[in-house]
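What follows is a pair of complexes built around chain A, which joins chain B in one and chain C in the other.
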Partner chain A sequence: MTVTNNREGLSPSTVLVHRESPAVEYVEVDGETVVYDCAGNAIHLLDQIGTLLWTLLDGTASLRATSADLAAAFGRPPDEVLDDVMRFATEMEAVDLVERVG
Partner chain B sequence: MSRADRALDALETLPAPPAPLPAPLPAPTAVMAGGPRDCPTQVDPDFFRHRRWAWRSGPCAAVGHRFEITSEPLHELRSLLGPLVTPLRAQNPPSVHGHYRIVRHRNPEVPYALYYGGMRLTLATRPESLVRFLTWHINRQMVDKSSAEHVVLHAAAATRAGITVMLPGDQEHGKTTTVAGLLREGYEYVTDEAVAIDPATLHITPFPKALSIDDGAWPLFPECRPLVGTEGLRQWQVPAEQLGSQSMRGAVSPPTVVVFPMFVAGSTTRCSQLSRGEAVRELAQGTFHFTQRPARNLATLVDLTRGATVARLRIGSLDGAVRAIETLVSQRLMEKL
Partner chain C sequence: MSIIVQTDIAAPRPLPQRHTPCLSRLTARRPWGPTLALRVGCWQVGVRANSAAAAEQVSALFAGARTPELDDRVPANFSVEIAGSTDSTGSRSRGLHLVYRDHEIVARRHEPGDLLLDLADLLDEIGNAERCDLLAVRAAAVVRSNQQVLLLPASWHAALLPHQARLARDGLDLLPARSHLVDGAAAQVVASTLRRRGVQPGQRLDICLWGLRVLTEHRCTLRPAEVVQLGFSTLANVDALRPRPALDGLAGLARRVPALGLPQLSSRSAVPALRELLLHA
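Our next item is the complex of A and B:
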């Protein structure tokens, strides 16, 4: 898997993956996820939906494809879901927990 | 609205802001640096060879920190050192890794020097300052030397009828005061400063140091006032026995009641829930040397919270705090029965 340091704005075609080097450590408990960022020496807490999205940022699908899957699963308008996914992904990239693939 | 719809709406919720990890225990400030010639900063063993030691602690253990203290004739130190070392005296004397030595030197204005091995740790103008620094150093060494084998949390703990209560929190959150209140109600003492958890079993190795009760809490514990040498003190060093309790010696059951105390002067005492995810995050923030083994530490904290009742406790009064904790403990006891 090739990752890039391109920091221009995310697009729906972007593929994201959890940062590998230095790795982020995370654990799930009762549907929430605690993420430790070794590089930033900070701890983040993701709620249940954040946890779902976090597991989907696995480097295999674009943000658009991920949104479409979620929209189908939850019966919601794809554009609405895409907005939310983009916001979450932007936040994750801003705190350096994910990196881009390709 | 279905559960799935509510969940999707929650996409609006952004992740919680990152939280900084804990700083090491702050060193006390009322000590004196610098150095007269008769107490150099580095010494060889000959420096101690011909001195007349009047007091010896015997082997002591603070989890992974095994030490002994010896002192030159300094009567004014006796009443301060006794409460400090008595709870830590090893029943099965372990091999000692480090020696503290308290030395008198010729300068009457700075009469006390504290050495650890061959290194001078501090000079002090008053015995209270020296003992305060020694207490800090023992705590710090305990944390540093125990973190490889244990997950060490900044927390107090006490146990009763097989239910262990852990009170994680930073300085000034009310850990010591609250655990002292529990001891007075018949709980057995584990620690007021650092909880050392075995990652494999979640059992706690006790660190039953004397409780360091700050001056703000003294009116709550008049029975703990030292008999002598109170002038200039900012903390009382109080053995658990003075509160009618006993110190735990062997392994302690994993904590099943985890309460995050927060003393707020003038407030009403109130217990509130928090999620296990929040609990793990807060425990991680209070784990010493968390960054050295983050994966192990996170996994241990998750295991710990899965079996525990977790709650926040805003403390306005000690009696209210003890009652709130007793309620949680009673619930666990009922479940156990």
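Our next item is the complex of A and C:
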């Protein structure tokens, strides 16, 4: 897997992956996730939706493909889901919890 | 009485000392005795006292941790000043017994025995920060007569302290507001500083409630993930323990122990607030 540091805006074709341990550590508890950014010494709490999206940012699928899977699973319009996924992904990248693949 | 200090097998390092003009003045102001070396976790810690009697007490109290062969090689990290000892000017010192960490006063007591137990707590604190097997949780702690522990925001300690005797009459022991060793998976406090309350070192006490400081005006229930998030900032040993085991330990604790978000407390409302908490625990 090749990881890039390109910081231009995300596109639906972007593939993201969690930054690896020990840079980022996380634990899931009762459907929510607590993520610790070791370098930034910051701790983040992801709600249940955020936790679901976090688990899908595993470096194997583009944001568009991830959105399509979620839209199909939850019976929601794909464009609407893509907007939500892009917003979440942008936020995760802004706080340095994920990095781009490829 | 003798204090058991946690030791490990790694080669100990001298605990760094902050060299400041204030420390130089403190050193010049009193007739300090020789510095006594103690091993605390992975550290060699130096303790000096302003009287031979006090030095003897320190030596006896921490006999199990003494490393006299290093006495001349450790910095004076802690200075124990017992009032009533004669200082270099021949005058009597103040009627308050003090412990300094470097140049800073970190304990003050009217009873020398209490002061030395404070010193034991301070040394425990240094050892706890190096522990890599248990969570070192900074918290106020109250032990009920049934030996269950309530962990409370560290800031609550100051509000509860004036009521310590009243709490004791209710069967509640208020412990020092320092770090407490917690086994997250078992939701238990592992006694270290608790020993002087009739609890043996290593004994485990169940945690019945964990109260964490929140910025709201009212008490609130916390979700387990919120407990992990807030609890992380109370840990004194993240560096030694590493973040992942720390998160796992906190998650274990959050799943097993009821947790509440607690606002800041005034001394006036401290006892009623604690009594109300006990109804939840």
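Please note the rule applied: the second predicted complex is superposed on the first by the 100 of 102 C-alpha atoms of A that agree within 3 Å, B and C clash if a C-alpha of one lies under 4 Å from a C-alpha of the other, contacts with A are read in each partner's own complex, and residues count from 1 in each chain.
Assume a residue touches a chain if its C-beta (ideal position, glycine included) is under 8 Å from a C-beta of that chain, and two chains touch if they have at least 3 such contacts.
The shown structure was predicted, so the numbers you read here are calculated from the model rather than taken from an experiment.
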Task: In the superposition on chain A, see if there is space for chain B and chain C together, and answer fit or clash.
output: clash
- prompt: Just chain B (first), just chain C (second), both, or neither: which does A:E8 touch?
  reply: neither
Task: Would you mind checking which one, chain B or chain C, touches more residues on chain A?
output: B
Task: For A:E25, decide between first (touching chain B), second (touching chain C), both and neither.
output: both
- prompt: Is A:G40 contacted by the first partner chain B, the second partner chain C, both or neither?
  reply: first
Message: Let me test your reading of the model: by the given contact rule, A:V85 touches which partner, first (chain B), second (chain C), both or neither?
response: first
Message: After overlaying the two complexes on chain A, where does the chain B footprint on chain A coincide with the chain C footprint?
response: 25-30, 32-34, 36, 38, 43, 45
- prompt: What does chain B use to touch chain A in their complex?
  reply: 4-5, 7-8, 10-21, 275-278, 280-281, 284-285, 290-291, 294-295, 298-299, 301-302, 305-306
- prompt: Can you list the chain A residues touching chain C in their complex?
  reply: 21-22, 25-30, 32-34, 36, 38, 43, 45
Of all residues in chain A, those that touch chain B in their complex: 25-34, 36-38, 40-50, 52-53, 70, 73-76, 81, 84-85, 87-88, 91-92, 95
Of chain C, residues touching chain A in the complex: 223-226, 228-229, 232-233, 242-244, 247-248, 250-251, 254-255
